[in-house]
Structure formats: structure tokens, C-alpha cells
Amino acid sequence: MKISKEQTIDNQSIYKQQGQLASVWLRFRKNKLAVLGLLIFLIIVVLSITADLWLDYDKQAIEHNMGIRLQSPNSDHLFGTDQYGRDVFTRIIYGTRISLLISLLTIVLSLVIGGGIGAMAGYFGGRLDSLLMRIMDILLSIPAILLALTIVAALGNGILNLIIALTVSTIPRFAYIVRSTVLTIKDQEFIEAAKAYGTNNIQIIIKHIIPNIIGPTIVQATTNMANTILLISSLSYVGLGLPSSIPEWGAMISDAKENMRHFAYLVYIPGIAIVISVMAMNLIGDGLRDALDPKLRN
Amino acid sequence: MTEEILKIKNLKVIYKTDTGIVNAVNNLSLTVNVGETLGLVGETGAGKTTTALSIMRLLPDRIGCVDSGEIVLDDMELFKLTDADMQLLRGNVVSMIFQDPMTSLNPVICVGDQISEVIQLHNPDYNKDQISEEVDEMFRLVGIPPERKVEFPHQFSGGMKQRIVIGIALACQPKLLLADEPTTALDVTIQAQILDMMRELKEKFATSMVLITHDLGVVAELCDRVAIMYAGEIIEIGTLMDVYTGDQHHPYTKGLFGSIPNLGKQERRLHPIDGLMPDPTQLPDGCKFFERCPYRMDKCEKSQPYLLNFDTHSIRCFLYE
Amino acid sequence: MLNFVTKRILSMLLVVLGISFLIFSVMSLSPGDPAQIILGDGASQEDIAELREEMGLNDNLLVRFFRYIWNAIQGDLGNSYRTGQAVLVELLNRLPNTVLLAIFGVGAAAMIGVPIGIISAVKQYSIIDNVTMVLAMVMTSIPAFWLGLLLMLRFALGWGVVPAIGVDTWQGYILPSVTLAIGNMAVIIRMTRSTMLEVFREDYIRTARAKGASKRSVVLKHALRNALLPIITTIGINFGIQLGGAIVVETVFSIPGLGTLIITSVRQKDIPMVMGAILFVALMICLVTFLMDILYTFLDPRVKIKKRQKQMGVI
């Protein structure tokens, strides 16, 4: 079967990607810290998914049980209990669910919307580009917390509004990275060649542009996920994120404030959970960045 | 009896990379006499720049390493010097200019200061006026009005930037100048100007020079002697006449000259040398040119040929035994 | 030269306008009728309607926005729903504390972070470098409010060397500044290091060494001067993010600044106060970005010359 010239050009692009995928993974594997990050992340994911199997959410994490309140870590309660008698360990584990779900949702939404905006701006250029990026600039100049506070101020508390706030502040970051990748690729020769063979815009986008965007976007996604987790905990700490019974690490720290002098473990433990999760994401992000472009390292 | 300004003996330089050890320079020996210009010719990757960097002791920090050998510059054994001592030599006794003038100058320092820096480094007792005078003089010598010394590199064209680079290199009148492809990045017309200027200055300051290039035409303009490098070795060396004329040459040299398009002749195709240089991480035992040589013999594959000397002309090839 | 600065100022004002409009629009989505809130629950429908007319609440979004801006320029940012006092007065009261905190935080972070970043770059691959990088990474993963609490636990409640909350004495600024500085420092260290490493790879560094310049001179004179430009710009850009962190840190230490004001106002749904406070913060950020821009122009000879040439009509 004779392969047409168009297919050859398309295939070149795809084969390039497949070969690259394997070598990226190999390079990533060499980076011990990055692999550690990935491991931690996977553990967190597994814990959050399987939590119901071995923990009792309502009884341990939600119900108040004043009889056993403020117990330091012991054999019954690995991380102790809080001021309402709730088992800290259970709350921490369920906290992974909250952090993961909300940040994942945020990242996916902002990736799709922001990436779409960035791709359009980069690909079509001109006035559309200027307009879109101006708006992105304005969004970017507002610190994420401020934006989140504004939205919460206007629309009230709650998970939905939290997600909206987080998504809006993350969109410009994805817009920028996608746009700059698109701009770089747009000018490369294999795009011109593909156009010359009559490939229309949509096909070009799907076959050539998207595979090249994946790398930098994923790096950005991990970094943004780390930041989002931090942001969620900060907002919950000031009491403007989620309803208070929900086991979110930032809220737990806030609750712990009043007893922190004598029951410091209530402050330490959720904080450590945050640090570990965010670090894992950062390590993965750094590792991916190095693996995608090893030239930058040395 | 001519004095030697530079003597390299059995230099072996390697690069330690992730993919293996690169044998960049293999057992290289050469001398440069006072006042002469030696052309160092070869393809990309032959080891020319590495040799020059070794003389300057500017090999990349963790990666480049002199495995063995000796370099004597102006009667000083370079590898026995401390870093501090070497600093005193650089820019002062031996200077190097690099290929790309566009990126060789610091963009945020004015060009006058970039020349005065080298003068100041090696003449700490000069006062500001003396330095200023010397800077002005240097500008004049390289053909740039001294009033422009307050301007910044981006305000000059490529050719003028290279003049400034040459000015920096010669400001302290070094005894030896290493010029690594000084005109490769320039237009052909500018190239001629720069070469003329280099010839003038070289004569004026009686500077010896090693001119690294892959352009045989440039060599013919400036050089007294020529060394041809291949895969980290010198495979032919002699006076300009020795290498450019006559019948006895290393097969590689023959290939080089044969591949130059000739305006006089009617040709249909170019005559490049077939094949590529051997992988520097896996060099063959025998003659490095074996794979590509049209005159190869069995002996060449297993034994490393040595330099055969014919008066001023030396050739590393069993053909001439 | 003046022309250039004016253009930049205009650009900055446009961004501020954009931010204000954005926030104003979001705020206007808030449920609840301002007129009703002001008059209280017992007010009659007619009174509410009358007040709405008076306050111009029935006009469309754009009209209300520009009215707000027009008033703002004249110094009237409305009155707090809670206290009824002028918003501007309260903001000006709180502003100095936040500014001081921000300056300490960024200043300390830069003064310590830049040298560490340089050292890390010069000693790349060494133990110092690796340890610094890991530490910097950990520092960026620590939430500022938690760090603040930990420091408070140890230094204020534990050893009692500094006050835990408030700024009645200047020592009250110590813990919050350190908290902010640590987080900011990590970013600056990483950024400085990577910029220096990039500059080290440039050809003109090789030229400098070929001149016989010492390594120290090469780093400080040649490399740093080039690296400083992007480093300064990043510090400026980062300022905005830091201000966000400052808001939360203020709450931890109960500092009476813009941050705590915003948060309490949000909780109390005091819309004019929230609007005014956020506007102030946005203005501060834009101002800093603008100043960084101007500073960059002064420091980078390439930019300066082009401007002069343009003015002279040479290009």
C-alpha cells in the first residue's frame, strides 16, 4: 500500500511523538526525586479512592464525640482527636479526597478553557490574540487569592463558587503556555507542508498542534495543581472555602488555632499533609520539565 | 634558529558526557614559531577548537579534561601553572577570539570598557588617562572612531563587533593569538577587510597566530604553515607551499582540495569525500581515515600510522613509507 | 523620555481600570439589595425604591461603573455597609501596615535570596547547590499561613521573644515579615539560580574569561549585570503574588492591614469596603509592576538607546 505524501508528513509528526514519549519516561525515571513525587502522588490517590473501604467516614470524621476530645496521638487514634472528638487520621485521609477532587476539577476546567483561549489566540493571531491576551493579562495581575475572595464575596461560600474562583484564576496560566507553544509550532515547516497538501485547520490542530502542546501543558498542570491545593487550604483557613464540617486540611488548621498552645499536633499534622501533597506535585512537575527538555538541565 | 612560542606535545583531551567519553584530541603535537601564522584546518568536530581551548585552559569545567600531554607557551609549562597564574597569561601573553561576534560581547557594558578591562587587568598600575589613551589607540588600529567607545555592542554591525573583539584580544599585545574561525560568521566582503586588518596588526605587533578554520582560501591569505587535523590528530603539516602544492599529500588533504569547486573547470557534480568522521566515542585502532580512504591498505586498519617527515613537510600515512 | 513614561502610565491605568471593571462586575452579581441593607429590615418598599433611585442603582452596569470610577478619582469610594463611614478613610488607615509588611517581606527575601541563588549557580552540582535547591522546593510547598502559625508557636508562644499578634510595637512586624520572606525567598533563589546559569552559558562570559578575568569578576561584573535585569523583573512580578500571601499572613497575626480588612469585609458582605480594598491592592500591584518596567528600561542599555534614537529620528 503506497503511503501518500500527506500521510508521511502526518506520520512523521506522530512517530516523533511516540518515540519521544518513551524517551521522556526514561529520563523521568532517572530522576529519583521526581519518581518519589510520583509515588507519593499515587499513594495519595489510592488512599483517597479506597478510603471508604477501611475507614468509617461519618462515625470517625464527622460525628462529634466530646468524650474523647483532644487526645494526643495514641494507638486508637493514630493522629489523635480534635476538639470535637473527631479522629484526625480519618479526617486527614478524607482530606486527600477533597484536595484532589477540587484541584483536579479546577485544573481540568481551566486547562480546557484556558488552553482553548490560548490556542485560538496563538493560532489565529491578530486582533483576536491582542484582545484575548489583554483579558488574560488583567486576570493574571490579580493575585489568585484576591480573585477568589472577590468571587466568594459576591457569590457566597460553597464548593461551586470555590471551583469557579479557582478556575478563573488558573485559566490565564494555561492560556499563556498553550499560546506560546502554538506560536512556536505554527512557524515550523511541517505545518507549512501540511497546509500545502490541503490539510485544513482543524486537522492541523488535531494532528500536529495538540501532540506538541501536551508536554508543556502537563508541566504547567502539575505546577498549577500544587498551587491550587495551597490556595484551597488558604481559603479554607480564613473560612471562606468549604462548609466547616468537611475535612479540609486548611480548615483543620484553622480549627486547631484556639487549642494550639497545648495541642500543637492538631496544627502540625494537617500542615504536613499539605506540604507532602504539594511537594509531590512540584517534584513531578520539575521532573517532567527536566525530562521533556534535558538540554535545559546542564 | 627560530624560537618556538608554542609547543604542544602528545596532547590528549577527552570530554566526559552522558553518552560516553569523547576522544576529542588524540596524541596531538605541534609547534608554532615566533612570528609565524599556523593554520589549523579541519572539519567540524576534528578537535581544532578543543586544542585552542586547551592552550587557554578554558575547557568546559566538569566535562572537558586534559588526559595527558604537555603544552609549553613562551617557555612556560601551562599545565603546571595555578589558575591564578593562568589568568595572568590570558589576554596578556595568549589571547583567543571566537567565531560568533554577535554573541561574544557583553551586551550591557559599553565597548570602550570591554577593551579597557583587559588593559586594566594586566596593567594594574596604569592610571585612568593612560588606559583611556590605549583604548583610543586600539580603536583606531581596528578602524573604529574612538568617540564610539561609549556605545554598546548592539549598536555595531557584525564586522565592527569582530573588530572590537580583535581589539580586545590584541590590546595587551599578546605573543600568541588563537583565532577560532574569526571570519566564518561574516559576509565574504567583510571577511576580506577583517583578514587584511588581522594581517596588518599581526605584523605590527609581531604576534604569532594559530588560525583555526575550515576555509582553505582564508588559510592561503594569512598562513605561513598549515596543519590539517582529522579526528583529533594532525595528519599533515607543512609550509603553505608544502600543503597547497606538490603531489605528496595525505589522502584526506587530497580529498579536501579536490572537493573545492573550481570556477575554471566544467564540472557536473561536486566531489565530496564519502563518509563521515569516525564516532569520537569509539575511535578505531588503526588509521582514523581508513573507512573513507581510497588508497587504503590492510596495514592501515590495524596499525596507527606515524608522521613521516620530509624536510618541512610531514604526512601521517603509510603510503609514503 | 517623558513620552515613554506617559505611555507606560496610561497603560498601567488601563489595566487598573480593567481590573476594577472586572471586580465591579463580579460584585454586582452579589445577591441582596444594597439599599435594603442600608435601610435595614424594617424599611418599607417605597423607602427602598426611593433610595435605589437616589443611589442610582437602577442604571446599567457600565453607567454605575463609570460613576464609581468618577467618584473614586475624587476620593469617594462609598461608605461601608457596616459602619457607614467612608471607605477611603479606613483604607488609608490600614494601608501603611500592609505596605510595610510587603516591603519587609520582599526586601528581606531579595537581599538574602539573590546572593544565595548566585552562590548556588556558581557552585552548581555541589552539595551546597543540591541542598539549597531541595530546601527551596520545600519552602515553596509550605503554605504561608501554616508557616506563620508554626513560627508563632515556637517564637512567640513558646520562647516569647516576639509578640504573637498585632503591631503595637515594631517587633510585631518580625514574625509576619519572616513568614512572608521565607516563601518569597524560595522563588527568588530558584529564579536567580536559573537565570545565572543561563547567563553563564553565554559566549561573552567565555570572552571575559579569555581576557584573564578572575572567576569572581566574571560572575559579579559580567554575569550578574546581565542576570539582574530578568531577576528584578521577576521580583516585581512576584510582588503581586506576595501581596496575596500577605493578605492571609495578616490574618494569622491579626495585623490591622488591608488583608484582614478584606477578609472581615467579605465575611460581613460589606461590598463597598471589599471593592475599595481590592482596588487599592490592585493599584499597588500595578504601581510596582510599572516601576519595575521603568527600572528595567533604565538598566538595559539596549532599550534606552532605541528610545533615544527614536526621539532623535535616527530610526
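By written order: A, B and C. Residues from 1 in each chain.
FYI, contacts are C-beta pairs under 8 Å (C-beta built on N, C-alpha and C of every residue); 3 or more make two chains touch, one makes a residue touch a chain.
Because the structure is predicted, anything quoted here is derived from the model rather than measured.
Identification of common neighbours of subunit A and subunit C yields an empty set.
Across the assembly, the mean Cα position most removed from that of subunit C is the one of B. Among the inter-chain contacts, the highest number of C-beta pairs connects A-C.
Rounded to whole angstrom, the centroid-to-centroid distance between subunit A and subunit C, based on C-alpha atoms, equals 23 Å.
Work out the mean CA point of subunit A and of subunit B, and you get 53 Å between them.
Residues of subunit B touching subunit C in their complex: 56, 58, 62, 84, 87-92, 95-98, 100, 103-110, 117-118, 121-122, 151-152, 154-155, 165, 168-169.
Interface of subunit C with subunit B (complex): residues 125, 202-204, 206-214, 222, 225-226, 229, 299-302, 305. Of all residues in subunit C, only 15, 18-19, 22-23, 26-31, 134, 137-138, 140-146, 149-150, 153, 157, 240-241, 243-245, 247-248, 251, 262-263, 265-267, 269, 271, 274, 278, 281-282, 285-286, 289 touch subunit A in the complex they form. The part of subunit A that touches subunit C in the complex is made up of residues 33, 134-135, 137-139, 141-146, 149-156, 226, 230, 233-234, 237-240, 250, 253, 257, 260-261, 264, 267-268, 271, 274-275, 278-279, 282-283, 286.
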